[in-house]
Amino acid sequence: MKKDKKLLKNGKRIDGRGIGDLREMEAEAGVLERADGSGYFRMGDTEAIAAVFGPRELHPKHKQKPQRGILQCRYNLAPFSVEDRKRPGPSRRAKEIGKVAEGALSSTVFLEEFPTATIDVYMEVITADAGTRCVALNAGAIALADAGIPMKGIISACAAGKIEDTPVLDLKGEEDQGGQVDLPIAMNADTGEVTLLQMDGMTNIEEMDEMLELAIKGCEKVAKKQREALMKTF
Amino acid sequence: MKKDKKLLKNGKRIDGRGIGDLREMEAEAGVLERADGSGYFRMGDTEAIAAVFGPRELHPKHKQKPQRGILQCRYNLAPFSVEDRKRPGPSRRAKEIGKVAEGALSSTVFLEEFPTATIDVYMEVITADAGTRCVALNAGAIALADAGIPMKGIISACAAGKIEDTPVLDLKGEEDQGGQVDLPIAMNADTGEVTLLQMDGMTNIEEMDEMLELAIKGCEKVAKKQREALMKTF
Amino acid sequence: MKKDKKLLKNGKRIDGRGIGDLREMEAEAGVLERADGSGYFRMGDTEAIAAVFGPRELHPKHKQKPQRGILQCRYNLAPFSVEDRKRPGPSRRAKEIGKVAEGALSSTVFLEEFPTATIDVYMEVITADAGTRCVALNAGAIALADAGIPMKGIISACAAGKIEDTPVLDLKGEEDQGGQVDLPIAMNADTGEVTLLQMDGMTNIEEMDEMLELAIKGCEKVAKKQREALMKTF
Amino acid sequence: MMDITEIEEQSALDKIKKGERLDDRGLEDFRDVEVETGVAKKAEGSAEVRLGDTKVIVGVKFGMGEPFPDTPDEGMLMVNAELGPMASPNFESGPPGKDATELARVVDRGIRESEALPLKELCVEEGEKVWKVMVDIHILDYDGNLMDASALGAAKALIEAEIPEYEDGEVKREKTKEFPVNKVPVACTVVKVGDKYILDPSLIEEKIADGMVTVTWTEDELCSLQKRGNGGFTKDELLDIFEIARKKTDGLRKIIE
Amino acid sequence: MMDITEIEEQSALDKIKKGERLDDRGLEDFRDVEVETGVAKKAEGSAEVRLGDTKVIVGVKFGMGEPFPDTPDEGMLMVNAELGPMASPNFESGPPGKDATELARVVDRGIRESEALPLKELCVEEGEKVWKVMVDIHILDYDGNLMDASALGAAKALIEAEIPEYEDGEVKREKTKEFPVNKVPVACTVVKVGDKYILDPSLIEEKIADGMVTVTWTEDELCSLQKRGNGGFTKDELLDIFEIARKKTDGLRKIIE
Amino acid sequence: MMDITEIEEQSALDKIKKGERLDDRGLEDFRDVEVETGVAKKAEGSAEVRLGDTKVIVGVKFGMGEPFPDTPDEGMLMVNAELGPMASPNFESGPPGKDATELARVVDRGIRESEALPLKELCVEEGEKVWKVMVDIHILDYDGNLMDASALGAAKALIEAEIPEYEDGEVKREKTKEFPVNKVPVACTVVKVGDKYILDPSLIEEKIADGMVTVTWTEDELCSLQKRGNGGFTKDELLDIFEIARKKTDGLRKIIE
């Protein structure tokens, strides 16, 4: 990590944002035709599209659960979404994010209503400038709602972090590279429960408290944006 | 492409052939024992063996079509068939050729007589000196007939091309490397319909007309050779 | 193969063993909890763990045999078991050993008692200092017995070899690298039948006779050690 | 009894016999063609193409690589296509299958054979370092005619692309200059249904096709052909098809130039 | 009718509601922790960790490699986990799936983010040759809580590891020196079941979890978090969980130091 | 009720008990052995071997590569076998399975252990450039005894091979010189059926085998053994088998020398 560039100056960040500001957001529901539901989310330069298929029959059959459906996620970066072209297909990192995304979204879906079925959420990152898993999840949650899947609340995600020993919200690419901590979370904005939580970097409980607080407030703003997008489709 | 060597001289080609001449051909049916049908075809130095299995049950079952059978092709170059040893297993190029070969052969088989079944055509190129897909298809068509599969006509293939601005028939390796256009076609010699058509290179409609004319006449000669080979097995 | 180091001196080997001595052995049954049976075997520095699952239903179903069960082996080297870290997953060598291990163990199991079923034997080499397939098989045989699989006798394995033109028993790493012949065998110690036999190197029938004699005696000692380990679990 | 798809297919077929189409287009009409650029900000060039409900993003990235031994002084073109599970309920995750491979290779040949790219100018150090031009086709929504949409997107993304500077052994993505495209290859797929030709087939129409030919034209030359699907064509039909495609690609080319 | 697993799950659940566990542990008790070193003689460092019936071997190997372009003067850490078919009747042969990938990456991040390893000291020749530290996690027996067992084994194997000398362009494994570990990252997974927290879950207990958080602490800093499974946590719950994990990791660290 | 295969197997078994075989061969007779060379014109050496209905092509290609670090002054041998779907209704497409791997490795060891190839002479520049000798076994028709057919084909293809010149950093395939083969390893598989031994088993006979041993001899030394299938052998049986194989390989060697 290069730390030569000053990331904070008089409480302002390199793009002029304050400590607790999100980047500019854009959200849209129903962006695809073939999928049962779809969503688009952008946060600064990071953007993702998500498609939902299902509930539909799970194959192979021996993976079906008699009591409840399952929700499966695929998270993928387009080859041209990053500086140096990425080999097609999910990397190890992408597989892991697919798994935690399943944990984040499963908690909000009434899976017991769909025994033996699967709900598939496919998330594609088109441009990656930090916060990709959060932006992808935000698109995925819109897509689930757009597909009419019954849910306990909308899942909204954003990351807090630490740069130059200061907790801040929603790191962009350069901040992420020069940053000390990355703390992506997803939250059920209706229940206040955190359904995705990852953290890398060195920190302590006081800072965690501050960062979580920032991230939770961020998720609430994200939820507002998601809800607006969904309203437009009705 | 190296163009330093003269490929045409007084209307004669490097191996003495005229513009519209095919290379020497050899054809044989029933060259393998385990397959339901098999064929061998050689055109100059390029040679291929094909085996047909089926009609037989298609696995996995969910790919079966209730109304008609399917025909599947595998086209492969043996590792020792080319100058620099090729890694085993079909390349991207080979997968594509497998697909167009399916299109070329499916059109002649009465697939509606074999609901839920598959007919598998496996083609192996033993020596590659240009025209491999055509030679493989010629072997494949012999194998289909040898397997007793009901067909609307024999499929016969050869390539036309352009060297030194002149349309010619059936390029051999050196001509292919120094050539300007490669135009492989397959034809149902009984109906005159072109069932495979690919083209690389820069040309115009007048040249296309000439090259197609050459290739169609070439296919008719190929068909004669295939039929002779099949006659011998009865 | 470097042959500069003296491997034999006055009939003694680099670790002080005589021509017909095995390395120190250690054996244990029931070392794992989740498996239906398990075993551990060590010969000098080479050690392996084996787990047996089954008899259990074989998937996919079309591989099931109506008259008898099958026995499947997986032989694998842990990435840290060798000098230079090994890529995870079975190599070509490991696949081949898995296959000959199946031949070695299948012969002793009453497979006809388990139609349509599979018995899976998984062998992991923890440290490799020559003789890995034999040590793994010894652990595998203990695991089969520990799983209560009905058998015609215990399978016991060890290798003979030739160093400095002399047949010897149970080569360790340095001997193997500087050796001329490697002859791993497995034997049903109750019937005296050799159920695994491989050999690399140049030899003749007289030497083979001597080496087989050494290896057979070695297997008998291995069998004793295996039986002791199994006795402790009752 | 026919299922819904079969009924739809039958309707599409009946319409075409009468010279009509399900969505009221003329037989040789394309659906609305929308092309947007700059859609992938980390790509050196990108374009999104919509043909009705079909939606494709193409991104171009440049990278430094070692040239192929037989062309030591030429840059390299690589075209890849992903038919990811997002685009259709019938696509599966996994390595590219036959369809994705054919799609990528047909687009690749259109660009390569037309000599659209100045490959010689992409050589940095003969035999050692040349630019790789990596074209990735990402299918977002699949309602037929991926070939024409992808080829158009690839051409547009290349036209829009800016090539980074290479200085002191590093690719400097913050400094870019224009990337010259010599020719603009455009593909048009002509579909035979019974005795009619249609263009820009929807998914349903692709299913009832008796055969298709994807024809790639530059401004003045035919540079690639690919017959697809079962069925066959007479020579005269083929010559007609090349002309139909020529006219249509002239129109499509205007949209992206 | 419930099958045996369901009955067991129900019993585990009932017990925990009453503050008890199937094996009579306290809710925040670990099973017996056994750590043995030197278990893989060809590894430069190795440790076997047992948590009850869960059994994990971790081996550390050193090798020489080319550094990543963006860190030309740093050694490289690689963590890999295999959930081989030996460890459970439900594991299959094949490349690592999502579970194995997550396991490896969480252990990796604990080591990487805590700056446990002196990566700068592992540079032999800038931009050309650096040491690779390869940590392989091998699961032998799976009765829950692979994360904590694997992280503990990895830390111990690194502490025990001796690095070979590199002389005349060759790795000399017969000559080794001590390998310094700056920090000791230890993971503790806190599991929510209803309104209770339990530690070191068995396989049955993992199945009835409403969610888990794997928390990695060094001596004095929190260096990695991973929420796993479905279910959610309030902020206050999370802050509690970090403290519970801190206390427990202090205890676990003493076992391996 | 037995199906056709079972009935055939039973007949084969009954015959062998009486010292006879389905195709009227003697127990130790091979089927007709046909060996043709020069069958793959782009290979530097090739041979097609037929044993009855079994048909195998082996091609040898030379290429330039970097030597293995532990043998910097030796050429490299690589043997690969493909049991492609052409050869049998039961073979599937895909990467080599256990059977193909075993086949390739047994042939490989026969060549390697007999020191048939002058590996030291295949070094062009120590530690940098050595010849790779790549032997590819292609199965065309499978009616049993692939091992003996493949080993014979590999030996013949190597004997026939001519090595290209290496000049100015390039492999010149148009200029070749003789490639010396020191020894000729030949394999013979001895099959136990009940208390009888048979040679050159057909597919049916392989299925009823109680075990097989593939024995590879050079002119005067035993260089590789592989017991295959289930079943076991006493030491005396093995010593008999080695002698039976010796005699037969002497005969087979004459065919290809």
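Every chain is named by a letter (A, B, C, D, E and F) in the order it is written, and numbering of its residues begins at 1.
One rule holds in what follows: a residue touches a chain if its C-beta (ideal position, glycine included) is under 8 Å from a C-beta of that chain, and two chains touch if they have at least 3 such contacts.
Not measured: the values here are computed from a predicted model.
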Checklist entry - How short can a chain-to-chain path be from chain A to chain B, counted in steps between touching chains? => result 2
Item to check | Set of chains whose contacts include both chain E and chain B | outcome: none
Checklist entry - Taking each chain's centre as the mean of its CA atoms, which one is farthest from the centre of chain B? => result E
Checklist entry - In terms of CA centroid distance, which chain is the most far removed from chain F? => result A
Next on the checklist: Centroid from C-alpha atoms only, then distance chain C to chain D, rounded to Å. What do you get?
Outcome noted: 57
Checklist entry - Centre to centre, by mean C-alpha position, how many angstrom separate chain A and chain D? => result 31
Item to check | Rounded Å distance, chain D centre to chain E centre (Cα mean) | outcome: 47
Checklist outcome for this item: Multi-partner residues in chain A (2 or more other chains touched) are none
Checklist entry - Which residues of chain D are in contact with two or more other chains? => result 96
Checklist entry - Which of line, ring, star, complete and other names the graph you get from chains that touch? => result ring
Checklist entry - Listed in ring order from chain C, and going the way that reaches chain F first, which chains are there? => result C, F, B, D, A, E
Next on the checklist: List the residues on chain D that touch chain B in their complex, please.
Outcome noted: 96-99, 101-102, 104-105, 109, 112-115, 211, 213, 218, 220-235, 238-239, 242-243
Checklist entry - Quick one: in the complex, what on chain C touches chain F? => result 92-93, 95-96, 98-100, 103, 106-107, 183, 187-188, 191-205, 208-209, 212-213, 216
Item to check | Sites on chain C touched by chain E in the complex | outcome: 32-35, 45, 49-51, 53, 56, 74, 76, 78-85, 88-89, 120, 122, 124, 126-129
Checklist entry - Inside the complex, what are the residues of chain E that reach chain C? => result 39-43, 46, 53, 55, 57, 59-61, 63, 80, 82, 84-89, 93, 95-96, 134, 136, 138, 140-143, 173
